[in-house]
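Heads up, the next two complexes both have subunit A, just with different partners, subunit B and then subunit C.
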Partner chain A sequence: MEKLTILCIDDQRDVLAALRKDLESLNEFCRFEFCESADEAEEVLDELDAEVIPLAVIVCDHIMPGKNGVEFLIEFNGDARFEHTRKFLLTGMATHDDTITAINQAQINHYIEKPWEKEQILEVVKILITEFVMSVGMEYQSYLSILHQQTLYKYLRT
Partner chain B sequence: MREKLKFVIASALPLIILNIPTEFIPIQGLSIVEHRLIAIFVMALLFWVLEPVPVFATSVFVIFLELIMISDKSFVLFKEAAGTVNFGVVLSYKEIMATFASPIILLFLGGFFLAMAATKYQLDINLARVFLKPFGTKPAFVLLGLMIVTAVFSMFMSNTATTAMMLAIISPVLALFEKGDRGRVAFALGIPFAANIGGIGTPIGTPPNIIAMKYLTGESVISFGTWMCFSVPLVLILLTFAWLLLLVLHKPQTPSINVAIKGKFRKNWQSLIVYVTFTLTILLWLFDFLHGMNSYIVAMIPVTVFSMTKIITTQDLKRINWDVLWLVSGGIALGMGLEKSGLVGHLIESIPFASFHPLFILFLATIITIIMATFMSNTATANLLIPIMAVLATSLPGMAQYGGTRLVVLAVGFACSLAMALPVSTPPNAMAHASGYIETSEMMKAGTIISGVGILGVYTMLFVLKQVGFF
Partner chain C sequence: MNKKQNEEGLKRLVATYFSDPAKRLKLEKGDVLLEEGAVNDRLYLVLQGSFIANNENIEDEQQQLFLATKDMFIGVISFFSRSSICVATIVAKEDCEVAFIDHNQRNKAEKEGLSLIEQFMPVVVFDLFQRQQREQQIIFEKEHTLEKLYQAKKLASLGQMAAGIAHELNNAIAVVSRNASWLNEHVGEMFLQENEEAIRFFQMGSETGQSLSSREIRVQAKALQNKYDLDEDAARKLAEINVPSTIKLPPLEQLNDFINRSHRYWELGASFHDLNIAAKHASHVVGSVKALAAGSSGIHNGHVSIQESIDEALTLLSSPLRTISVRLKIRELPDILANKGELVQVWTNLIKNAIDSLKQSGTESPEVYISAKPRATYVSIRFQDNGPGIAKEEQGKIFQPNFTTKEKGLDFGLGLGLTICERIIGNYGGEISVKSRPGKTVFKIKLPL
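Right, the complex of A and B next:
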């Protein structure tokens, strides 16, 4: 089984540390990449692509020095190398307009406001992983125990 | 890493077998072709048991190896010994390749088209709503209703798709159960068990049935309707037993359950075509003695109608479970090799089967089947065992009086579907286990009992068939 990558981008280290802790139950099936800026994330994306590592989910903050999260996600949305990767905006300070832009132009799959609940974020990540695994067409059986069951049923029905 | 190790093990042993001199293998009169086929068979067995690659890939590999090693157009190095006395009979490459489109495969494809169209136009979910209504809201009866609906659907749809649909219906309800209500286990187990059992109901219910049909030819041929005449009662009996067992083991505490399914039957012309074609195909399958078309030809009706009416589109076609069809094709090719090369005949001659009672051999075969199917793919089990058992049935002198090929092939075919003790036994079991409502030990307990009773049920059914002169 190939481990799925989850890329977390946030300029605050304690947020990244909290994410790592809340998502640690996925460790057996996922590996995590942590970046503190959009630029750093772009380098990681190139590496992931060069080594053909499946990037399942991007968890991204909005307000960051340099390129902000929504700008990064809009660019990412047009990146053909990662067409199946699920995008998840996690932020405390996005304005109404930022949010609308994120939905319409970056086509994000989920939006959560900080602070988050552990159960909530874990469920969202599982849903997004399931959608990724099924839309790429990976062997879902190997990841069965971390997949979101209700989401899986939808795919398996047909 | 573990996968690589499995790959190495599964490849090494067949390579060793291939490279030892033919005389070293203790089978009388073994030809070179048969020797190579033993290596292919062992490869298939190990790859299907250890699964270093998906099961369908092993099937493709079997077909490829047969083509390059033992066909009439094989690779030049494998033809060097041709013409020598003990080279043996090669297979026609056309026949090996034709397994991809054998009538059996097309019968199954017809089933896929029916299921896809039914799902696409929500016929399945609407029927589920109507069928479940009479069962009310008492948990015990809702469970029975769910199990019956699951079993009936899995006769025509894949067991996996049926389970996914039914678990999707029941999951929101299970989430409302109070903590500690054991009834949740009954529901989470009832659905996969019903799907496994229901698969027995028709020749297209599950791939092992299709493989069994392949070997029921000539004098032993069984029609779609005949199959259902004896297997549907068996399904109903086993289902009732499974229901009672789950109620005893995990009685639901909650006073009432409300399964809400949204929707109405669709009324556009495409939906009407789906309803009519679905009904008509099943009727034609059941009454083939009236119209002369066999079930393979009838299977082309949904394929043709749904393609012509754009109910199944180009995009839908890409989503067909080709892996299942190829898995079966590989099995047919393997069986063809075993039979045509004469390997099974030689193998049976060198083992003193005749000194055992035929019924003991039948018993042993079903037990081996159920053990293998518990740990590996049911279809792969059928691929490996049914061809051997079919030849064994005809060559054992005493077997004919008990029912011959029909008896043995049906017993082994049914046994493949009755393995349900572990999450790995079937995809429905794996899904139910992943739902988080059941412990492996709970599945093992109920599953083992149902497997055991199921086998007894199959014996009883075969005994009754013998009494009414079917064999």
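Right, the complex of A and C next:
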């Protein structure tokens, strides 16, 4: 089984650490990349592409110095190398307008407002992983224990 | 018809029609001259005193739309309209005297063929015109006061709300921060008894948290992975701990185990570290919000450090300032007698304006520069930004209430920020002025010592 990558971007180190702890239970099936800025994330994207590592989910903070999360995800959305990667926006302050821009232009699959709950974020990430695995057409059986049941059924029924 | 012509016309009418002593009435304050809904066949002219309209819909005196004083007519509508029904109840506001004519009035026209109505027309129209103008004036004033009231209320309730939220949050933060340090201490103690290795990693975590950046960790992890032939996950963990070279690592077959264990202890400590920092940060923000709220609720003056009040404003704005560089040059300053909340509010408004301008224009390398220095009799404080500045023709207007160029979008303005600044600074006997050109806008404040 090939490990799936989850890329987390947040300019605050303590937020990344909190994410890391909450997502730890996925360790057996996932590997994590942590970045403190959108620029750094772009470098990591190039590395992942060069090594042909599947990027399943991006969890991205909204307000960051330099390129903000929505801008980053809009650009990322046009990146053909990662067309199946699921995008997830973490936001400290969701204003209506921003959220709409994000969802429309960056085609963000999910967003959560900070502070989050562990169960909540784990569930969302599992849904997104399932969507990724199924839309790429990977052997889903090997990831069964971290897949989101209902989402999986939806794919299997169609 | 102008006012003078009207006065002459009125004089003529009064002399001709309203000089009959038999057709005069004296009223005392509160007497009813006309009753709403009743029939009226008289046209009254006020000779002395004043009358108001009483109407069920009109509750307070400010709302009076009708007020008849000397030389004004009463009963115009019912007298000249065919219905003869009064549209309002007219009451004497004080002791009054009126003269009247009725429908039996003989036409005393100087010119042949001019009907009674034709003779009264110009004067009455003018009278109605004046009433209408008065009404408009009242409506206008009312709207204006309402708006002012509304804005004052909005500010006050914002302050109250902020204070309420701050209070609630502080309780929650206190619990978080107290428990974090308690746990920190006691978890440490427990480990100390049990196992020396554990306490060492725990303390490393709790003292400094994660000291390496994500990029440094990535580089380190790669190096460690090659050096010790570790799996990716273990290499990352080892890099995160940032083990000093003085710590001897166990032999390879135990290394993975060792790393997982140590990382747990380290992570435990780092969690407390992060908790404490976050709680401190949160309580600082709450403190600033409270100071701001105090400003709008009129708390008394005391000795205030300018430096502290500026720091508080910066904390309050730390989130939007994250993408802007802030330069501070504050010389040793004597405290001044002021209300800290109010000063924080002034600084916040000025910095917020700079931020808005820098962000909206997308200025490259945006910067806010704040400096303060003491003078013989006053303190001078400058807020400078490198945004596009304020157009010449607008510089005279920015201190006016309701002047704003932020009309759309998320950062819409009330145009009150600078008004509030000027008012507060003025109350302290200080001055605020602006100089602006593209790339350099400076607001300068002088506060007397």
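In this section, the second predicted complex is superposed on the first by the 156 of 158 C-alpha atoms of A that agree within 3 Å, B and C clash if a C-alpha of one lies under 4 Å from a C-alpha of the other, contacts with A are read in each partner's own complex, and residues count from 1 in each chain.
As a working rule, a contact is a pair of C-beta atoms (placed from the backbone, for glycine too) under 8 Å apart; a residue touches a chain by one contact, two chains touch by 3 or more.
If you're wondering where the values come from, they're calculated on a predicted model, not measured in any experiment.
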| item | value |
| --- | --- |
| Combined model on subunit A: subunit C and subunit B, fit or clash | fit |
| Residues of subunit A touched, compared between subunit B and subunit C (which is higher) | C |
| First, second, both or neither for A:L152, with subunit B first and subunit C second | first |
| First, second, both or neither for A:E139, with subunit B first and subunit C second | first |
| Which superposed partner A:E40 touches (first subunit B, second subunit C, both, neither) | second |
| Partner chain in contact with A:G66 - subunit B first, subunit C second, else both or neither | second |
| Subunit B versus subunit C - smallest C-alpha distance in the overlay, whole Å | 12 |
| Residues of subunit A at both interfaces, subunit B in one complex, subunit C in the other | none |
| Subunit C partner contacts - residues on subunit A that touch it in the complex | 11, 13-14, 16-18, 21, 27, 31-36, 40, 44, 63-66, 92, 95, 97-98 |
| For the subunit B and subunit A complex, residues of the former touching the latter | 3, 54, 116, 119-120, 160-161, 163-165, 167-168, 171, 319, 427, 430-431, 434-436 |
| Residues of subunit C defined as touching subunit A within the complex | 209-210, 213-215, 217-218, 232-233, 236, 267, 270-271, 274, 277-278, 319, 322-323, 409-410 |
| Residue numbers on subunit A that touch subunit B, as the complex places them | 1, 139, 141, 144-145, 147, 149-150, 152-158 |
